[in-house]
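For reference, the structure is listed below as structure tokens.
By letter and in written order, the chains are A, B, C and D; residue numbering begins at 1 in each of them.
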């Protein structure tokens, strides 16, 4: 570290006597030296190329560099402790948990060096995934076959949509897994800059942020799933008891009967078996996990990128009120553009999952809101319904807000930049302001919409009065239905 | 005053011979001298720092300055009469009224010097607040317990929402009260500039604007509450009379019975008591006040900030058609940015209240509009219904329009700036135009939406044809219901 | 004319040897000379002031100039034939027609010189207006009284809304009339520039455009009103005939009975009288006229302003591909800003009418669309319904499109400006492009929304699937109603 | 080719010694030489004019050049093989297929030289078109007459809308055909630039892209039409069989009876005839084709223009990281503006078709979605319904996405331009970025809306929860209807 800072000092002393271009090159050399130092490798051919002036887009760039990867400076991440505040390291425990449920089948997640991560067709992880995935397909087929005979209506469509989205989520995560190692390498490489001066690790570092969020979501979703099972089981046993009382027989509620009745669309097809029943409950649980994990995944990605924008904002805030040379702003703008490009690259790979997650959340929230006035039988049903509704709304809002924080952070430095005084004002500041003010920097659903704070409002508000009104119409119709059926009964 | 103007003249004579930077520093010195003059204090260490070039954001800035606050120039507000056109002084009578209903429990509201205001956990104001707040919670708990037995439907949900929003309003105003003294100090400090030349107090000054609006809203809301009580009382007495006539007994309508029946969700739980009844009516009144005060509060804040933008616009309008040096525009831009920052800071503290107020207004307006075709029993019911509907729509529109006036005023100078001739055109004008044209300067609901004129249209218009159509469907269903029940009765 | 062109030539020869500023002043002098020449008056104190560099906004400016107005160059309009392509002259015949129905009570509409126009409280026009207006209020009062007894429902609300909007339209036009003389003077003054070189009168001049549109709208609306009366009369006579046939009496359908029945809300209050009946039909006709005239008025204003933007576009298009000095662009930009200011001024005075007209059109179109599937009795009813629906949609679309043409024309020159080559590029072109690209130049409904092409889509499209779906639900309910009433009848 | 490249080399050697202006002129000369070389004609008067600095808009330009057209360089397309990657050549086979169904009646589609294409009132193509068109009008008239007696309701309105849109499509394509030869010439001329260095033919060339898309759409639409016929025929035969079984007669399902029953609105008017029946089926097929072809046509146009933007993006991407002279960016910007103008010109001619297509797709998708819960009779009905629904959604999405790709591609180079370093930054880059960031480059529906990715979301999302909710209400009403009719039956 000393030597790096020394070099920096030496060069900065001589800066005034160099021409504009010279300084720039020297600056690049410093960077390269930094990188060499960090990488403890000999090859610099790949580093001596200025990343800003590259011909290829970031994605192509990373592909073309794939062969040099063994010499790459991202190896540094493994050896050095001061390059540890990176997304890959922050996220790995959650990915390991996900792999237990067959999501994201990549190898080498635990290695500190992202280089070691790879996707292979012959791996334990993929096998686990395929087992889950295969059974999900089977369940889906059974359900569709069941609906073919029963007919689709507003009640049973929820189940199909749940399995279809679990199925699609598995597909999307498998496709993502194949591209994940490369993505994480590109990401790690772009994060090195932000682990060096003048950037600082923020008070609450990346790993802490991501893991806190993940823990909370996983626990709350487990409770939700538990309540769902409890609600179903109690429904079943109470019904048995009442029937028994009515028929004057003794009530016999067994696990077997519960499973048979609850998964009737399966057991009308195949014979029942206690292990099969447990297995199906496991798969159902996995589907619920995947369904929650999509949202969690978007949260983690969002936090990872928003963190970098926050670092840039912090740096700009520190510059406020000082006389800053144009080169500093040029450098900041360069880093800003780099994070934007990383976001764009991540978004390309992720927006299928975002689209699915949003559609899912929108559907289930609307669906639940529509049932607010429904009469339920037992207290446990009410508890489950309201917990589930609030959890769903809360999770949806959290995902949106976290994703929107990328957009918020990307614009956060605008205030300081607008206060830049007449003397410090330069073309680079102008470019930076123009870019911040006109570009929509955010995760997107296949570019159809961008996850910004304004969007949430655009979706939710028009629904509120609507839902209530239609609810009221619905209620009146139900009343009418009850009344007429009642009257006829009276006759 | 003479000496200040003299200094200004002296310096302005010499301006042409100074370099660009020199002028700027001298100008700052003039400012500082002005401030010193105004403050009649000796310390200038805090003032000699150029506020434009500060490292910290406005919020942090104010915190770091907290210790110097006894020497601060905002003390000037107390001694000098020409620094009197400030938000703190304009707003204090309304805050005192609010404190009678337990809103905004801060001490020292009446002091001219904002420095004297403070929030304390041991204060009369907080005690009053806690009494109101505690009772509101109790009412809410009773109501939820009542609903647990009765079940939620479209009719009784209105009551819960009313109490929930009153409860949330109390919480939000208590949280705000804790931050209010600091906020008002930051605000007052940023207002000093606008009480000095070349800014002028506008024809109708800030206090007059705010107090007129507050008086009107408070009177209209009192009438609304009175009509509501009258409508309920008359409903009750008429019903008693009719029952009595039908049963051939004499009608005995008493205050006790009215209270018992109207607050049935309470008196099904606890025994009745005449003082308790009066107390509950008081709390109900306080909740109604809070519910109205949220809107009034937004109006006052909006007027406070819009006034400053109007002053800037007035100043720019005066410059139109003259040859103006770039420094003047730099100064104006600096002040413009300052007000924007103040707005941002206020918005951060206030947007919870804005969100709650908007949700509330939207809900109750929609709800009332949906009941336009309902048949009511007595003329007083019609009078109350239509007064209440029109008042609600009027208040909502007024809040929106006043809040939107910030946005309108912030762009009002664009016209004059666009007419700036080729010779006066400079980078600072360009920056100012770019900022005005691209930045959304407005109060927001947690940044989900901005209170601008365009928003009002976006919310209301799509509702109009919708409401009518659903109303029509509803009416048909009700007709059907009446017809069928009638037919059955005939049978 | 020769002398002016000569002067221009002389000065343009010498332009290269003057400095930038000198040229500008000389140019202004030329303008002033032109104006003097045109005005044939001696005073130039008012003209020698550069309108671009004026301190006041356009509205204040015109007020302050009011005293000089007798010497103003807009007198030129009267004497000279080449200054004839102005809005005031184009629009006067339509305003005279409107005055027959009590709209826009100003005096001196027929004078060529806009100066002669004035609003007076003692004038024939205002008397006519007050008679119409008073009767409309009376009708409205009768209708509200009628509804008080009958109750509001979805069917009879249409009538109230019709009379309320006619009433509001009268109020708005009276308020506008008081400001109209000043407005037309400001307008005429800003139009002088566009009646001089290098601007040209476009192939189809302003008067032709406005009068063609007005003629078509007036004829179509007269047909609509005629069909409405015919439909009502035939409905009435057929009903009488059927009743007579059923009761075996002879049918006696008289004009008196028709009026009595059709305006039942009046004749339940006051005694019938044949002159009164005819008078009420006239007033009803006048209300229909006002209701149509609002739209026509917006069309005329829009064409008047769009025409000026079209002239600017034509001028810019001619410059394309040539080497243009910056001064030319500065001048064009100045004119562009002037028309924008005129638009803003007109919009301030007009947007109440725009708001009312849009609300009206939206309401009646939605209302009619909802009745598309209704069964009607006689062919004339179908003819009237479909003519009325198509006319309403057509008129609404036409008003929107004409108003939106202001926005279209204001951006039309962007293409040519973007093609400006590297050598001609200058700050003034940049400013012009920036302004065209970022400013919304359009008539507005009180700034809540701007009448642009995009808006039409925003309102209509979300309605289409909606209307159809609700229609379908409605139809089902009606079917249900018919079925159940039928079944009961069968019993 | 050699000579051109040689010239280029010679000039580029000498570039450094020329002044800025000189280079520009020399560059133009090179272009002109290229054109001369390509055209193998002698006249250069038309070419020596710099297209960038032309006075007229692109449309007027092409008209004024019409007389010179025989000498125009677009003849080059015929002789040279390296100028073959143009829209005209890519699209001609699909236009020939369309002509078999009476769409786009222009002559000379097969000629390589766009010059040879022309519209004539005496042509085989127009005759074919008029036969199809006339019969469509006849069908429409029969249908409207039928509805006059039967009455419009939500069920039979679909048929009328289908024929009306087929009718409108024929009209629009005939109008387009008259302007098509000129349009294709303007297009071809603007494409010459992109068939020369430094632009490259992209990996998958234009013809391949367009023809693949066309083949897939045509096959899928044929399957859809086949399934529709099959579904109708099976419905008919099954019904006959059931009736026969019930009446104990033998089932006789004939083609004649099927046609008579299916086109009852025709055969209630005119006598049946086997050739007439077949002919009507053919016309019905043609209407289906036209209905699909509108979408296909938009897809082809979109691909044609998006391809050019992609070439520009590719070129800019190659420049990334190099030191680029301002002239290069000026040239790229010029080409970019040219393609934008071409798009604008095409859009003016096409947006009627776009509007019709969008309205159509929106209507039929909504209509089908509303019927998702309907009970159908036979498996073939389900197969047809779901295939048709998915095909419709798929086609609509594909058209939108392809049209939106123009917008995507037009902004694709923004990333690279934002990475441009401080030294390469120049006014031309700034202008290019500003234009890309602020201009909406996309096909439009008469400028009411632009076909961008964001639009799709704006239309679809608000429909999703809505459709489901209304579906649910509908279902309840139907249930109610069934229940009540059932109960009455039981009585």
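Here is the rule we go by: a contact is a pair of C-beta atoms (placed from the backbone, for glycine too) under 8 Å apart; a residue touches a chain by one contact, two chains touch by 3 or more.
Here the structure is a predicted model, which is why all the values come from computation and not from measurement.
Asker: Any chance you could name the chains that touch chain B and chain C both?
Answerer: Shared contacts of chain B and chain C: no chain.
Asker: List the interface residue numbers of chain C and of chain D, divide the shared ones by all numbers used, and answer same when the ratio is over half, different when under half.
Answerer: different
Asker: Please tell me the distance, in whole Å, between the geometric centres of chain B and chain D computed from their C-alpha atoms.
Answerer: 52
Asker: With chain centres defined as C-alpha means, what is the inter-centre distance between chain A and chain D in Å?
Answerer: One centre to the other, that is 37 Å.
Asker: Two or more other chains touching the same residue: where does that happen in chain B?
Answerer: Residues 438, 462, 466, 470, 473, 477, 480, 484 of chain B each touch two or more of the other chains.
Asker: State which pairs of chains touch, listing all of them.
Answerer: Inter-chain contacts occur between A-B, A-D, B-C, C-D.
Asker: Applying the document's contact rule, which stretches of chain D touch chain C when the two form their complex?
Answerer: Those in contact with chain C are residues 21, 24, 50, 52-57, 151-154, 326-327, 330, 334, 337, 340-341, 344, 359, 362-363, 366-367, 370, 427-428, 431, 434-435, 438-439, 445-449, 459, 462-463, 466-467, 470, 473-474, 477-478, 480-481, 484-485, 488.
Asker: Would you mind writing out the residues of chain A in touch with chain B in their complex?
Answerer: It is residues 317-318, 320-322, 372-373, 375, 408, 414-416, 418-419, 421-423, 425, 433, 437-438, 453-454, 456-457, 461-462, 464-466, 468-473, 475-477, 479-480, 483-484, 487 of chain A that touch chain B.
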